[in-house]
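I have a structure here, written as structure tokens, and I will follow up with some questions on it.
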């Protein structure tokens, strides 16, 4: 809709949620995010005063809070239930915006094999293709040109955007969202040398995805050599991510854009991986671990660990290395000077 | 065409543009590029003698120049108007090559909703899909399997290659070129923690793209949380690039392959970003700035700034750091030696 | 198939190939790989005792060997021909798994231009599109929604998965496998500055791919400016790789996921490139060279060379740099201490 709201002011937000503005009521937001990720232009919320130190460090534009806070960047809107108010603002915005076209019923141009099982309330868009033995759960929608391979199973209330490819035997849970161009179940990358050429290791496994998983545009999740590549319930994956064969990812992880996860990596629950990080094959990332953006992780990370850099080391050390790096040219000069002074070298 | 020319010689170029060869007339080119980017096998041109120092550093194979230049790698073809001659060579090559099939008219298999507005001279390929309320401007062509979501607007004389996905309400200017697999308007990546799981921040905004923008294969541009992700007129984006929600990119920027731009980044005009660089969320890159390949940019860059490395620092410092790096193992040894000499540690 | 085997034990493997288990017969494998790449959960094989030192370093779960080996991680299955036994296990797994649906014949919804040449035994899936003058060799299969541009030529016995885009005039050899979302023949990224804007260098060349090449999901291979971007016979390319215009890649190379190869790079035969590495434009990588994961290669690499890091240097030096890096903060402190001792600075 051309008339979609392009921003809201702190004043408009306060009016909507019955709150009181501390600061500039004309301050605008054009986005919304959790407290940690929020930056300029974002609305965020703070559950309780114990997070106020985090709020002090925030560059968000407007914060929904339960009590006034002094000396912070964000304009505050004081309200009894900040999280509820946050959700109310999001709902308000959503209602004023056209929702993406979700296919209704089965489009006459779609190709659905007679023995595919399509439950009630399913929408299938133009030129979508559902192969033999596939299942599409109630209330799910397949966008234009989506491909569902033979024997694949898609749960209920999923949104599969146009041009997603789900290859044979892949299993997807309920309420998953797959964005355009995502490829689930391509062959893992496995070859062995044989008489001067690379012989393919047949990739005979599949991919099993839990409930409430989101997968971004053009992300690729490879099928296992045998068995299954697995993505746990509640895990959110951004665009252009590569997930190799036999990877097992736990529940409620967040994986940012352009991350690469090599074959047979095991990732626990509640792990966060920053943008463009890479994880070497066959290692383990423990529950609750955090991997910095652009890190290259070569060794396993224990539960709760925080690593960054390349090669990735403990995050605190990595920060010190990064600071020291810029002193390196000067250090070379100073060591030469010391050697001269000592008549060395 | 199997008979497309696979190279041209300096002599053939001179004959075509009425110039004179200085050097080897049999020198071959199989590509063409601007002076800065040109390398072996490339034809380039030099507007005026003030760029001759740059030409001396060039590894291009053939250069179109207005006056003879001594002691350089490229074979010269001297001609009164080097830029005009360059364009003439490109046109010559183009004419001898088959142009890609552009759909003519609306293919009978395409699905165009009755209330979509398709202007005159539009080509729509097989299995393309134009949803309700969408607009396609005069002279634009949509390749096979292209998806145009509801309410999306595509300008005039655009070339949208097969399998591009343009989701609902996205706005694209005139004369844009979108390569296969590009996804415009996927959801931004926004979630906040809520009772032990990640709750989605609805992505209700859109994407607005100016005129003469080019977007590469499998590149993803996310829609804004509210408002719009914007790409300015004349900006060129290569393959497999990720552009996050609420990013604003100015005019006439060049963004190389595999670059990742996190949410809410603001980029000025005439910015250049090298391959596989990454830019952290919520920062600003000033007009005319230059970001080196594979940089990780964590802080804002002023207008005209040039940064590289990870973490990215001023380009001159970054080059010194990179040179010093290779001396680091030796430096560790030398400092140990000094300590020994001084009876320390 | 829901009943696909999710693992095999060493005992089951020994029974299948007529071998003898040394170690735990209940040890499970859920993958298979060459000796170098194999890790936990993998089956591998060792051709002869001269590779036993490599086997000692391996973390594979089960190894097929010709003679017993002591003190190693993998459980051994001793058999007279380890490689033959390995292939037999792979075949066994493959037979017990449903193969992906390969289209049979030409689907009635596919759009094949009358003058396209489709040889015998070709399968073309729903909504696939074969343009004028294109050729599809005997026994090849095109998945749903595949696009083959005008004048493109696909060899025999190729498997082209759903939604692959092969643009006009691209040439693909025999027995190639292209995974979903791969884009072959998009325009190279070439622009030159002209009156304050970027003018496009027309990309009039094509892409020529040899036999037995595999290309991963959402990988992009750009067409040449003139001439051809080339990928040699037997080369295997993983997901989300970017290959620029005029790149020439030799035979039997292995290129891991998310690698970026800039324009006009020349790569010899039997080169290995690790995940997420990047190669700067116009350089040469010699036969048999090896590029470490996440490397940024700025200069040519001689035949047999092994480089890593960013900027990439000889692999042995790179490893020493990486080890030294973590000592850098401490080194800064120690040099300051030395200076203090000497009354300097």
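Annotations for the structure displayed:
As written, the chain order gives the labels A, B and C, with residue 1 at the start of each chain.
Note that in this section a contact is a pair of C-beta atoms (placed from the backbone, for glycine too) under 8 Å apart; a residue touches a chain by one contact, two chains touch by 3 or more.
Small disclaimer: the values here were computed from a predicted structure and weren't measured.
Taken as a contact graph, with one node per protein chain and an edge wherever two chains touch, the assembly is complete, since every chain touches every other chain.
Rotation angle for the C-alpha superposition of chain A on chain B: 120 degrees, rounded in steps of 5. Chain geometry summary: the mean Cα position of chain A and that of chain C are 25 Å apart. Looking at chain C, residues 109, 127, 145, 163, 181, 218, 240, 258, 310, 325, 328, 331, 335, 338, 342 sit in touch with two or more other chains.
Against chain C, in their complex, chain A makes its touches with residues 109, 111, 127, 129, 131-132, 145, 147, 149-151, 163, 165, 167-169, 181, 183, 186-187, 189-194, 196-202, 204-206, 218, 220, 222, 224-228, 240, 242, 244-246, 258, 260, 262-264, 278, 280-282, 296, 309-311, 313, 317, 320-321, 323-325, 327-328, 331, 334-335, 337-338, 341-342.
Residues 1-2, 4-8, 29-35, 37, 39-42, 59, 83, 86-87, 90-91, 93-94, 96-98, 100-101, 107, 109, 125-127, 143-145, 161-163, 177, 179-181, 212, 214, 216-218, 234, 236, 238-240, 252, 254, 256-258, 275-276, 293-294, 310, 322, 325-326, 328-329, 331-332, 335, 338-339, 342, 344-345 of chain C are the ones touching chain A in the complex.
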